[in-house]
Structure formats: C-alpha cells, structure tokens
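The structure follows.
By written order: A, B, C and D. Residues from 1 in each chain.
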Amino acid sequence: MSAAHGPRPPRGFASDNASGIHPEALDAIAAVNDGHADSYGEDATTASMAECFREHLGPAARAFPVFNGTGANVGAITALTRPHHAVICAAGAHLDVDECGAPERIAGVKLLTVATPDGKLTPKRLDDGIDWHRVGDEHASQPRVLSISNSTELGTVYNAAEVAALAGFAHERDLLLHVDGARICNAAAALDTSLAAVTTDAGVDVLSFGGTKNGLLGAEAVVFLREGIGEDFAFVRKQTTQLASKMRFISAQLEALLSDDLWRRSASHANEMARALGGAVDGIEGIKLAQPVEANGVFLELPPEQVKALEFTETGERAFHVWDARRSIVRLMCSWDTTAEDVEAFAERLGTTIDK
Amino acid sequence: MSAAHGPRPPRGFASDNASGIHPEALDAIAAVNDGHADSYGEDATTASMAECFREHLGPAARAFPVFNGTGANVGAITALTRPHHAVICAAGAHLDVDECGAPERIAGVKLLTVATPDGKLTPKRLDDGIDWHRVGDEHASQPRVLSISNSTELGTVYNAAEVAALAGFAHERDLLLHVDGARICNAAAALDTSLAAVTTDAGVDVLSFGGTKNGLLGAEAVVFLREGIGEDFAFVRKQTTQLASKMRFISAQLEALLSDDLWRRSASHANEMARALGGAVDGIEGIKLAQPVEANGVFLELPPEQVKALEFTETGERAFHVWDARRSIVRLMCSWDTTAEDVEAFAERLGTTIDK
Amino acid sequence: MSAAHGPRPPRGFASDNASGIHPEALDAIAAVNDGHADSYGEDATTASMAECFREHLGPAARAFPVFNGTGANVGAITALTRPHHAVICAAGAHLDVDECGAPERIAGVKLLTVATPDGKLTPKRLDDGIDWHRVGDEHASQPRVLSISNSTELGTVYNAAEVAALAGFAHERDLLLHVDGARICNAAAALDTSLAAVTTDAGVDVLSFGGTKNGLLGAEAVVFLREGIGEDFAFVRKQTTQLASKMRFISAQLEALLSDDLWRRSASHANEMARALGGAVDGIEGIKLAQPVEANGVFLELPPEQVKALEFTETGERAFHVWDARRSIVRLMCSWDTTAEDVEAFAERLGTTIDK
Amino acid sequence: MSAAHGPRPPRGFASDNASGIHPEALDAIAAVNDGHADSYGEDATTASMAECFREHLGPAARAFPVFNGTGANVGAITALTRPHHAVICAAGAHLDVDECGAPERIAGVKLLTVATPDGKLTPKRLDDGIDWHRVGDEHASQPRVLSISNSTELGTVYNAAEVAALAGFAHERDLLLHVDGARICNAAAALDTSLAAVTTDAGVDVLSFGGTKNGLLGAEAVVFLREGIGEDFAFVRKQTTQLASKMRFISAQLEALLSDDLWRRSASHANEMARALGGAVDGIEGIKLAQPVEANGVFLELPPEQVKALEFTETGERAFHVWDARRSIVRLMCSWDTTAEDVEAFAERLGTTIDK
C-alpha cells in the first residue's frame, strides 16, 4: 500500500469488498512465494492453514480453501444435499438474491425463504414460515439444510444462544445448519467471542468462512465442523470449479487472517467504525437507522434527494450502496481500512446536505 | 521472492503450476492495492486490462477474468452451448479427463472425443472420429463446439495454419471453435507469433486465456474474440461461481502478463528450458521422447525402476508427473523459473541412474 | 369400463386425476393399435394430431406430446430459458410447490413468486411483487418467463382480457408468457370461448396443454404458439426424458380430446358439477367457500372435525384433498365422470355431519 | 387390434417399438378403467404390480413404474450417483449414444466407455479400458456404476455367469451394477431362464425393466433389487418428471406382462422370428451377419445398393434401421407381432434383389 503524502481524500462505504488487501495478508502471499510447491493443496502452507482452522474451530474442522463466497456457499450446499432437497434461508439472504441462482443451478435444490424484519431466522419464524406438512411428500422439495448468515445481510448478529437454538431446531428435524460466514469475523468480534463460540460450539455443521471482505485479496473456505459430512467435498470443489492450482497463495492469506488475531483486529475495527458512523448520523433530522448497528454495516433511511446528492464521494468513489430503492434505504459498509476521518467526512456531508 | 544464499537446490518439473508468482505480477498486485476500488470489475484496473486484451487480440475481444482454468473452460462452454449440445475434443484433453466432469455437470453437455497420437485434432481425424450422421437426430447430442488445447496436453503445438484449418472445418458445420489456452502463451512463443496470430486471426471464436501456469498467482480469462457470442457471459460467470469481488487484483495480474512482453519472456524461457531438457536426455540409452518437444513439456518413456528412483528431488519436491503408469511415461514441465541448473541436475541424475 | 349392476356407490373428489379414461379416448388408443407405425412421432397419428392443434390454436402452433404435466412445464421452461433466467409465477403455483423442484434442477432457473389471494397474477401484483431494479444486475437471476396457470390451482379462471393484459406486461419487459394449462380446457369451457381465445389470441407464447386431468390415460403437449421460440424443443424433449417411443398412442388421445368437442364436453361437465357442489354446500352453516367456484374445483373452509369425519367415502376412496391443514381448507375436484349423485351424496354427508 | 380381411401386407423390422400394444396389455388397461383410483401410485393396481415384481425378482425388489426407457435409465443412474461420479458402459450403449446426453445433463455424471466388438463388457475389457489409477484423484470423475444392456444394443446376450462375473468385478471396486433391461425379457427368454436368474440372482443391483418394446403401450420400471439403495427414488422420479398421475394404467400393463408368462411368450416369439430371419438370409451370397443372432435383433452387412433398394416395405413402412452407414450395416428387430410371413417376405425380397 503506498504511503500517502498529506491527508488522503475520504473513502466511501460502498462495500467491505471495495477495500484492498491488508498489508499482513499481502506479506503472507509474498512470504510463501519461494520456489516450488505442490499444486492443488498438497503444499505445506495449506497443511498449516488447515491446522490453524482446527485450532480455531475444533479438532474435527476440515477447511477447504475456495476462491469466493459464491463458491463457498454453493459448494457447501452441494456437499450437503441431493437435488430434491430444499435449503431454508431468510428472504433476502445473499444465497437467495445475490448468487444469480447458482444454488439452484449447481446444486439443483430449491430455496425456501422465510420473511424476517432484521435478516434473522428464529425457531418461531421457521415454524410459521415453512409448510412442514410437505415433509415426506414426493411432490415437494424436502428441507435438508437451514442456512443463516452471520452477521446478516442487514448488519445484525446472531449470538451464540440464538445460533444454538437454530441448531437444535434444525437437528430435531434432520436438517443440517450452514452458516454463510462471509462476515463471521465481524459477528464473533461484535460478540467478543471466539470463532468457535458462534459456530462449532453452537452446533453449526458447516461454515462458509469469509476472508475477502475482511482484508484478504480473495480467499474463503468451506469448513466442515464435524465428522460424517462433506466426505466427498474434494470432488465437489473440483467439479464446481473452485479448486485452486497454486493453492498455497490462498492458504497463506487464510492463515495470516487466523494468526496474531488479524481476523479480530480487522473486524473489530470495522465494527467500531460502523458504530461510530451510526452514532454520528443517528441524531441528524430526517435520518433514520433502518436496522440496529451490530456489526460493520449501517442501514439508513435517507430522503431520495440525499441519496442522489451523496451517492459519490468527492473522488468519484461510490459512497454507499442503494439497498432498497423503493424504501430509499442505503447501506454503508465499514472495513479494516475505514478511518475515523472517513466517518466524520460522511457525517459532515450528510449533515450539510440535510441542513440545506 | 527470497534471495538465495549460495546456490539453491535444483527444482522439480512436476507442473508449471508448482512454480510461484513472477515478481512483476506480484508487484502489479501490490501496485493496485491503494485505497478503494469498485468491486466485481467496475474498477479502473479491469478496464485497462480489457483494453490490453483488445490490443493483443483485436478490437472485438471481450475479456472476462476468472479464477482458474476449470472456470474458464466451463464458463466458455456454458456460454456457447445448450445442454443438448456436444463439445468435440481430443481424447485426453484436459476438458475431458481433468475437470472431474465439470463440463457435463455445469453446462450439461456431452463431450465427444477423438483419438490422436499427439493431442492434436485435424479435419481428417474429426471426419473419421465423429459420427456426423447423427446431426439433426434428436436422440444424439448435437455438436456445437470444437475445443482444442494449444499448446496441447502432450506438449505439442498447433501452428496458425492448423488452427485456421480447424476453424474452417468448424464453421462449415456451424460449430464454434474454442481454444483451451491454459498454455496459449507457450504456443505463441514457440511459434514466435503474436497471440492474435494463433487465435483471433486464425478464426478462433473463444479463448480460455491462461495466466496461472505462466507466472501469475491465479488469473485466467474467458475472451470472446468476435461479436455475437457470449452476450450473456456476465451472468454465466456469476452463476458458475467465477465472479471475483476484488477483481482489480486478478485484472492487475493479467495486465502485467500482457505488458512489456512478460507473457512471451516467461513462456519462451520455459519453452527453451524444455528444449534443453529434451536435448539433454534424448541421447541417454534407454530413454525415449514420447512426444516431440514443442512447448514447455517433455514426455519421456522411462524404465519403471527409473520412475521410482527419480520421482522426488533431493529436497523432496516431486520431480515429474507420472503421465501414463501403464506405458511408463512421465511428464516434465518447465516454467518461467526453471533454470539451466535445474535441467542439468535432472539430466545428470537420469544419466547416473540409467548408467547403473 | 365395466357396466355397474345397480347404482354404484358415490365417488370422491380427491383430484381430477383420480378419474379414469374417457371411453372415447380409450377407443382412440385401440383404433390406432393396428400394425406397425414409425416410432418417436414419425407416424400418421402424430401428424394428424399436430394438425388438430393448428386448427384449434392457429397455424403457427407446434404441438409436442409429452407424458405428464411436470414434463410439459419443465420442458416448456427449459426451451424458453437459460439457467441464469428467472421464471415468475404466483406463490403456490404448481410449478413452484408441486414439482419437487424440477424446474430448478432441470432448467437450472430460479422461480420468483408473487403472493395472490386467488392464484391470479395481475400487472399490479407483478409491479409490486418483483424487484425490477435487478434487471441487468449480474448478481440476480433475470426474469425471462411469466408463467400463469389457467384455470388456477385455486379453481379461479383468467379471462381473455386478463391474459392479454399479462401478455402485454410480459412482452413490454421482454418476457415470454407461458400458461400451465393442465386445466386449460376447464378455463375455456368456463368462459365459453375457444381454446385459442384464452391462449394464442390473447398473446400467450407457450402452452402446457393438459389432457390427463380431462379424461385421458396420460397425455399432455407443449405447444409453441408462435414462430421463433422453442426451435430446439425436439432435443429438449428427448434430453428431459419426455420422448415417447410409441407416440401414436399419446397422439391418439390428444386428437380424440380435440375432436367432436370432447375437450369441451368433458370440461364443461366437470365445471357444472363443481358449480352444483359449490351451490349445494354454500348455504350450510359453518361452511365457507374459500374461493369462488369458476372452474372444476371447490375450496371449502371446513371445521377440522368435519375434515376428519368426511375424509374418506364409504368405499374408502379419498373424498377430498386437504389443501391447507393450518387453515382447515379442503379442495374438491370434479371431473368428466362426476355425477349429480356424487355431488348430492357429498352435500348430504356434509349437511348431516355438520348438523350433528 | 383390427382383424385383417385377407392376408395383410408384410411388416417391417425397423424397431420393436414400431409394433403396437399386445391385446392382453390393452385389455389390462381397460380392466382397471373402472371408477376412481388414488393417483401417483397409491392405487391397488400399483400395489399388486409391485407384488408381481417381488415374485419375479425376489422379496427385496422395489419397482417404480416410469414412462419410458430414458426415464428409467436416467432415474436409476441419478438414484445411484452423485454428479462427480462416472458411469461405465460399453461404447455404443444406448445410455451413451441414444439419450441425447440425458445422463450427463440430469444426473450430472460422466460416462466412461469401453470398446467392445459385440456390445458386451467383460472384466478383462474393463481392466484394460478404464484408467483405474484415477480412482481417488479429485480431477477425475469417480466410477460408481457399471451399466450393461441385456440383451445388448447389438442383439447379443449376457448369460447369468457373465452377469455374475461383472457383478463381482463391480462390487470389488465399490461399484453398483445397473442393467439397462429395455430388452431384459428377450435376454431371459433367449437363455430360457427366469428374470431373476440374470438379474437379482446374478448380483445386479438395479434394473431398468423394459415393457414397451415387448408389447406394452408405454411402461417401464426402475427396480431396486436389494436393500439400501435408491431410498430416495420417489423424489428422484418426481423431480426427473417421470411420476405418472394415473399410474394404475402403467402398472396394469406391467402386471399384465408379468402375468401368465406374457413377457416370455412375447419375447420368445420375437427371438424365434429373429433366429428364423437370420437363418433365412445367412446363406445368401453377399450377405453377412454382423453379429450372432442371440435375441430379437438381426444385424446384416448389406451392400449399399441393397440398403437403398430394401429400405421400405411395399406399404411404405421402414423395413430396417441403418445402423452404421459407413460400414453398411442394417439392423432388423423382431417383435411380439412379427410373423413367419414377414420373415419370409423380407428374405425373399433380399434374395431377389441380391440375385440381380
């Protein structure tokens, strides 16, 4: 990362994947770029990365690096299902609305969605939102996986007890619990717990572990958290196009993230910036937080003219993502490299334009 | 890459993807790691990378970065076909034997293979090897794509005239010509031509452009070389899990490879090392080149006891890949970082063990 | 069909596919069972069946016999889409809830559903229920087909003007209009129009024409109603396992249905029986029609104890289908062989048990 | 079937599915066309059909009626595999060359083919023809099913010992043995054994039982022959579009075929006619049997001018199927309704045209 001469212009909040590579992650890539290594994961870096995951997520954890979140989610779902199965998720889950139908096309499954106000499923909402009478009926896709996102697409967080309640609900019905953890680090950091506390220890079966949104170049992992599931995943990963040849460079990133608390440092910082941003704008007249700020995202109901006025920063970077055009809700994501100055600059612009 | 103190031990020839990242590619990644950039390809680096491809492959070229070769091949095939189509390729093509059935599963197509002695299809072999009477018969998958690898999986190279002959053959039958160009740089370098000469100018419709085996961390591209095909590829790429969020880091690698002749410098070097290796071992008694050395691969018939004796280098690295256990043929791949010392060391070990 | 000695016991209303084969359809099968005929549709019966469809649905109509409704719907959708497309339908549509996820698995598409009180989509409901901002966004499945059922799964009917309004809505957005016509005969009969009036003439692009529920042994057809769509359907039908070898026996059934007004006679009778049934029970205290009776189905809100008491007829046949266990709604379907005595018998049983 | 007035003109040998419905099968359909029956297989006829299969194929046999052979084969394969699996079959197997790629598209698997001179696989041919070194290699589709056709597409027959040898070979390698039994009745009749002798008792795991080519209107069954496989087949059948609503009419046909030895009477007759046909033409100069006549098919090498001269019967029916245009081989199939007069008429025409 180049050192700035003088204060740099403020950055936007379009997405946590608009940010770059954390220096420690880039260093980790360079550090393993020494000579030859067996490809496709038969290298020493991948072995030590896998060990890292076992330390964080328990001795049964088997981590498989993949390229991106879609690959992790689709691979995990494919490993757990047959095509006549259904995957239950919250309406608006990334899996449902932002994968261009990849789960249906690749795994062949149907998604069954349940409406929520805050992106979070509960046993009650699942009881009401799914027609459980169809279990065993050959005309209906059969629920097999319950998939939740933590933190959610609306910036909310499931705590360990909430996850455990869903795991119990799922296992009673012979479902497996999958966590789309594109932002699992933000969730664990927000709760000030270990990664295991909201996953393995809470009864999660499979985790899509996200690294890219938390400072990596591009690295995620499908992690099976207990024995007896995902046993053919090596083949699933290859056949779903997610097997990296020079895997050491993916593994090195993941290992860096799990080392020296980089995952927590980066995620906590992003969360803190989001809290600061939420706090800074909450008092402004005409502005309403559309969701509580629990992780690294801030959802604002903003008058349409403000949306238009503020959409781009002074350097032309996208300032936020228009989340719901009809309800005029925008999403601002903080990341490992968001600064207090970025937050202040946005709050100031917002205050100024609103005051007009 | 760490500087070696004293001479480093010789490297193996297991695969060109056992090598690391070329310093210029790693520098290119670091160079764009500055602040924020719009994700999913809406960034300036991706725009200039696309321009680079147009300069190399013609003004109609539309390049879409993807993660790996499987993703490139499967995406390209998916974009060009409907599931009742067939893709014709050489028996032993990577597409057929090394993608774990991804083309069938993802695109839904059937592969029709044609036997070759050297990995190369010709109009004559296609005439004889495919039952063209089935065209129009609803019981049979309908040929729609002809896919060749250049350089081939056997280290041989199609020259521009040979590619043009296949393009003519394909287009006469309403087929599209796809090139699996995981090693297209090695082919063009071997022929001492431009990249366009063996692709766009020779009538190729779609190219899987390979960067990873030629010194990148992990970057390939699907490149449509003329108008009117692949128009929905943005959706295909996303749905087949190959859309990178922080795309600038993929694009930067590809741009680096296409800049300052890096693609040719690296590929020519690898080719030259292969030629040297082939030459060094060709005279040894009991050793036979199983294929002519035309690009960066050397295929040797080696007595089984030699296979066993030489399989690993002194540092435990895999020395070669056992290509055909039954015929005792091994494959040695040279890469951008292979040195004359590596070649000599192998030839010497070979000579020594054979002499015994 | 065996002649009954004395009055037969009353029949149930579980489904219109619990009824048998209309004698005219069975005779038609026997009539073409004479010697050999070319298989897979190259026979004279299939040719004259196709002509029959052109007479009913216009000169551009191309009819492809298939085995069942799932096959017709999935085949039609597959012919019209690429896997990154979405199909819009009413929540609760057969396509969505009763095909065990076949559209997703076979065509690869996503279904986008819109809530309705009566099973009927309208331009307004489509405007509100679909996020049209996602059109062009590579992260979202792209709407390509609008699919409606006529008559609907709730026994309601779209008239020609309503269909035409949806066709206009669809075509403006570059969508195609598909009609799941498992009960299209009931719809046309209810409206007292021709089959073309509610399909071809109203702008429908593709029709799943249903015969099985209207007195056939097992015969449906995918009918493309205008040029330029479904051009590869012969291959789609074969690859989706729906090509009959002895097709003459499927075609003969369809031809019989379209001859001598059999389609209308059978459907009108079923509709009339449903009206009679609705009328007979409507006045009974505690009973409420859950939907207007517009075709051959009657939906009743029935006290749970009645559901239990009446679920089977005296001969052990299922009397009705429990449509919505939570809201205690049952569905009664009339068919070509329902008699006034069957209707009276049910109404009487209902009255008696309710009176208790 | 209408009675002919005077001798009818001779029939052709294009395919055994050019023949019509055996009168006993048509009677069986009419016999169950009495009143209502629960749909989707919950009827008494389906129950007794299933019992019939248990009597013929052993107490563990679970038979699922489907519409056609493609549906049976694809359903069986889907039930036994995951998409990264491979199915091994003979080159030229119906599964490979006549399903328009349905196994690949629907089950997602790859087919691995082994060349044979006579359509029959053997342990030796499998040992040589498959690269067993790829087992466990994530880059290659993993063999999971061995599929053979009995009788084969070339009219040859596996006897019980040959099937048992393949079952042993398969089970040693953790493969399942599937039999495409579109003509299993012809095989068992030719061997003069029970159906079980060449299936269940020989170690077959799953059978696609064919009825259509042996005199039914259209009825096949997927039959799982032992416990622990195909447990989710009810869902697979539905999702692959092969669940019949009025199933009693499919089941009645199958039951009729398995009753009173109809299967054997019809198949033996067809086999006998083929033997007669083979015998009648074998001596004619210039004519060569391309395969031994073991079931109901006769393969002839015929001079191209004869192919042209004889392609249609005097009534315009197709006389045979051109099996291999390049080698000038034609196929003649006999069926339950082939007569000695049909055979004589063809032999006479052949003799006459050849003599010219």
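We take it that a contact is a pair of C-beta atoms (placed from the backbone, for glycine too) under 8 Å apart; a residue touches a chain by one contact, two chains touch by 3 or more.
Remember, predicted model here, so these are calculated numbers, not experimental data.
Visitor: Write down the chain pair with more C-beta contact pairs when A-C is set against B-C.
Guide: A-C
Visitor: With chain centres set to the mean of the C-alpha atoms, which chain is at the far end from chain C?
Guide: Farthest chain from chain C, going by C-alpha centroids: B.
Visitor: Compute the distance, rounded to whole Å, between the mean C-alpha positions of chain A and chain C.
Guide: Distance between chain centres: 42 Å.
Visitor: Determine the centre-to-centre distance between chain A and chain B, using the mean Cα coordinates as centres, and give it in whole Å.
Guide: Here the centre of chain B sits 33 Å away from the centre of chain A.
Visitor: Suppose each chain is reduced to the average of its Cα coordinates; what separation in Å results between chain B and chain C?
Guide: Here the centre of chain C sits 51 Å away from the centre of chain B.
Visitor: If a residue has to touch 2 or more other chains to count, which residues of chain C qualify?
Guide: Residue numbers touching two or more other chains: 83-84, 99-101, 105, 108, 138-139, 235, 238-239, 243.
Visitor: Quick one: in the complex, what on chain C touches chain A?
Guide: 83-84, 86, 97-101, 104-105, 108-111, 133-134, 138-141, 325
Visitor: Which residues of chain A touch chain D in their complex?
Guide: The contact residues of chain A facing chain D are 40, 82-84, 108, 138-139, 142, 232, 234-239, 243.
Visitor: Would you tell me which residues of chain B are touching chain A in their complex?
Guide: Contact set of chain B toward chain A: 1-2, 8, 11-12, 14-15, 17-21, 26, 29-30, 32-39, 67-71, 74-75, 99-102, 105-106, 212-213, 217-218, 235, 238-246, 249-250, 317-318, 337.
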